[in-house]
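Structures given as structure tokens follow.
Below, subunit A partners subunit B and then partners subunit C, in two separate complexes.
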Partner chain A sequence: MTAVRPGTQSAARAGMRPGLRTALYGLVGVAVLLLIAELIGQFGLLGTTWPPLTSVFAFLADPANHTLLGNALSTTVTEAAVGGLIGIAAGVGFALLASLVPVLAPGLDRFAAVIDAVPAVALAPFLILILGREGTPVLVVALSTTFIIYISMSSGLATAARPYHDLLAVLGARRGTRLRLVDVPAALPKLFDGLALAAPAMILGATIGEWFGARRGLGVLFISAMQNYRIDLLWAAAVLSVLCSLVLYGAAVVAQRAIARRFA
Partner chain B sequence: MTRIDTGAAAAADAPIQAHGTDAADQAAASPLRDAASITPSTPAVTRSTPFVLVGRFLTAVLLRYWPIILLLIAWPTWLLVNGYSRAVAPSPLDVAGDIVLHPDVYVWPVVWTALFAIGGLILGMLVGVVMGVLVWMSPLVSGLLTPSALILRVVPVTAMIPILARLFGYGSGTVVVIVVILVFFPAFSLTISGMSSVPQSSRDLFAVLGSGLRSRVWRLHLPAAVPSIMLALRLSAPIAILGVLLAEYLLSGVGLGDLLQSSGDRLIYQRQWASALIATALSVICFGLARTAERKVVDRVT
Partner chain C sequence: MPSRDIALLDVAKTYPLKRGAALAALDGISLDIANGEFVALLGPSGCGKSTVLRIVAGLEEPTSGSVSVGGASPQALSRAHRLGVAFQEHSLLPWLTVRQNIALPYSVAGRKIDGAHIQDLIELVGLVGFEDARPKQLSGGMRQRASIARALVLEPEVLLLDEPFGALDAVTRRRMNRELGRIWAELRITTLLVTHDVDEAVLLADRVVVMTGRPGRVRHIEDIDLPLREHSELTRTPEFHDIVDRLTGLLDATKDA
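Up next is the complex of A and B:
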């Protein structure tokens, strides 16, 4: 253990430099992007539709707007979270089912591909009838998350090394035991890859679902702000939705790194 | 750090590719094998009778499409159980009837939506690949742009459409702009990661032979990126259709998205459900075409 440590530390130190440089480049790049957006707004290059970012953040910081934005934000985040949890559970469940009962696998694979190809807008009439206008966003999120998690989980379940399978077969383990001891731990890194992909899709799904007659949420704000020429509100809602996506994505990537370190 | 993020995202895209092709290969190979293993193995004499052939075909269909068949049975059953009237929830027959009796209502919207989606898809792929190649050539520029591209990639299209609509107007031009932007990001980031995936030994060979930047890009890195670029095409095909439908739903007065919206507003539910089904079929067809193109091109390159 102690013999390994100095080696890894020096490796980390050697790898630090390029890592730091990429981070620096990235920060400068983002700063330049924000600056360009700000200048376009300051000089009105794209008309009144593109406000300076500083005024968008001022609008976000103004306590007078906090109830409106807060309500919309909490609605959308709740929908994304509930739908996301349902989707993760369903995706993992279907992947395990396909692995335990291989006869079902071809049908489930094909169905997953169809679900992915179905545009969420097209599903709206069916979903509204099933769950009503308020429940639709949750279902849209759940469907898109299910697909991503199913694909990544079932490709992860197939990654376990062959010798382990042989060993457990020799020991007379049943399929369920093998799944629990070998396949599921081996699938975790890919599952978390899938979570990182699903994170932005959750916010997107919630806002799409809200376009079909929901009463509150960021998606509702986008449309009503556009129709009422409330440019500052439109941008504030857009910035909030991007921040939400980034936070979810960041959390998923951090979890993915931790899992990859532990299991890979 | 952020650079690794995009790598992780691209790596996370990859399992979908791997799995997709796996599943497809399996599905392509499976009908006969599965059917043979499911239907009790019969002696060679009876194997070729039409009855057995039909049975084998049905088993193959059942194996591959059982969730969809289940849905088609659940739909009318569920209407019956809940006692919904036809005015609220049309049955499969109502929907099919509206498509058969009024094909003229659907033809032009389908053509418009398909044209916008395919045009935007091609344009977005071109812009993404060209930008990706240019940015890859300069480590400084790619270092500067990659994290920004990542941030822009997570902007929900639902937030983008209203802003773009106010910038470019409510017409069809905006629809194309939206699709191009949506398609751009996967093409851009996958082109860069594909070009960076060239093994060191090949780079060394080209360096020893003293080839310039341009020939390295043309003869080594761009060909190596072709599988990634085709993956971007397949990932983007359903996204392009979704983008066009969303944009049409909110903005322009043409296309399937508009039909979906206007028939919903006028409470013609069988038409709304029919256009939803047609949009789904269109999206599945686009995805299938993109997947076939991917497989053909990748087979040729590798």
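Up next is the complex of A and C:
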């Protein structure tokens, strides 16, 4: 093992520098964008609906607003988490089902595509009828997550190379055993790719779901801030929802990297 | 130790290629391997050695002719978890450690993992200290040794080895040959070894089958009567070198053909 270590280390060192440089460029780009946004706000270049970012952050930092923002945030995050977990379980479950019972696969594929093609706005009246106003955000999140996870898990389950299938065949493995021992572990990198895609969609889905009459949440804040012309509040809600998406996405990407290193 | 015989009767294999073309890989292979016999399959690369092994393993169906293992289909043997195969590509699962890879056949067969037995095999193939390493961290030769240990772990009734020492340097290769010979003399499992190394074939096998170039046919079968597995010092005798020279000549002739 020691014989292999130096090679791995030098590879890591060689990969470190371009990685750092990319991160640096990224940071500079973000800083420039933030600066431009701030200047547009300071000089009122796009009218009164574009405030300076510093005033948005001041609003976010003001303890007087923390209860309002905190309640909305925790509602939306909870919906995203519950809907996300349901979606992940359903997506993985359907993908496993399609793999174990191949006759079901074309039907499941088409069903998933149809569900995804119908916009949440069109489904909303039905969802509200079925689940009520509070359940709708969870269902919107669950639907979009199910689709993304189903697609990524299905394609992941097909990635295991032929020699591994040959091996399991000569060992006398049944379909289910092969799925558990080879296909599922080999699918994990693709599944986590899907999770990184689904993470921001979870926050987005919860926010949009709240537009159909929910009583709490970031989506509700958006609507009421717009109706009452509370520009600071509107922007504060937007910043929170973006930060949430970014944090979830970042966590998913970190997990994806670790999984890919181990399983691919 | 229970074991099985292998019977190939007039086996031909044609692979379909693009646009209706076909590749004749094997033609009229007949070969009987007795219960507890060690047969080496020798031939130039591309002559269909791996194809023979994959047919015996039940991974390919012969285009014509028949194959049986212990009087039944090859698949029946694998379904009973009584077949051990070390592939040309090691096919160790990259997310498992060496120990977990060697334990895999237990999980597939739904049997309790025998840690002590696995440790014995790890010692046998010289991977002590690498039990918890992942395949990526091993050299090609170490991976092949792990895959041999995995093939042996359930004490199979038929053992199929496809160039198992191909990635080893000459010295390690001979050491592994002697080790395999020693293990085999104890277990006496019906074994088919595919190789292009003449010394290795003569050293290990009871019979050496020399194949022709593509499409592969049986060109010559040599009975090896020297007790080389038990007495590897006999490789220094003229008898050994006679056989090796003769078989090498046959191999060269197939290459020219």
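By our rule, the second predicted complex is superposed on the first by the 264 of 264 C-alpha atoms of A that agree within 3 Å, B and C clash if a C-alpha of one lies under 4 Å from a C-alpha of the other, contacts with A are read in each partner's own complex, and residues count from 1 in each chain.
The rule is simple: a contact is a pair of C-beta atoms (placed from the backbone, for glycine too) under 8 Å apart; a residue touches a chain by one contact, two chains touch by 3 or more.
Since this is a predicted model, take the numbers as computed values, not measurements.
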| item | value |
| --- | --- |
| Side-by-side fit of subunit B and subunit C on subunit A, or clash | fit |
| Winner by number of subunit A residues touched, once subunit B and subunit C are compared | B |
| Partner chain in contact with A:177 - subunit B first, subunit C second, else both or neither | second |
| Which superposed partner A:168 touches (first subunit B, second subunit C, both, neither) | second |
| Contacts of A:64 with subunit B and subunit C, given as first, second, both or neither | neither |
| Vertex subunit A, arms to subunit B and subunit C (CA centres, degrees, nearest 10) | 90 |
| First (subunit B), second (subunit C), both or neither touched by A:120 | first |
| A:185 touches, of subunit B and subunit C: first, second, both or neither? | second |
| First, second, both or neither for A:262, with subunit B first and subunit C second | second |
| Per-pair minimum CA distance [subunit C against subunit B, superposed on A] in Å | 19 |
| Subunit A residues touching subunit B - in the complex, by the definition given at the top | 19, 21-23, 25-30, 32-33, 46-47, 49-50, 103-111, 113-114, 116-126, 129, 151-152, 154-156, 158, 190, 193-194, 196-197, 200, 203-204, 207-208, 211, 218-219, 222-223, 225-226, 231, 234-235, 237-238, 241-242, 245-246, 249, 253, 256 |
| Contact footprint of subunit C on subunit A as seen in their complex | 1, 3-4, 163-164, 166-173, 177, 181-182, 185, 262-264 |
| Residue ranges of subunit C in contact with subunit A within the complex | 54, 57-59, 78-81, 83, 85, 87, 89, 91, 93-95, 104-105, 107-109, 129-130, 133, 137-139, 160 |
| Contact footprint of subunit A on subunit B as seen in their complex | 1-5, 8-9, 11-13, 15-16, 18-20, 22-23, 26-27, 30, 34, 38, 62-68, 84, 88-89, 140, 143-148, 151, 153-163, 165-167, 238, 241-242, 245-246, 249-250, 257, 260, 264, 269, 272-273, 275-277, 279-280, 283-284, 286-287 |
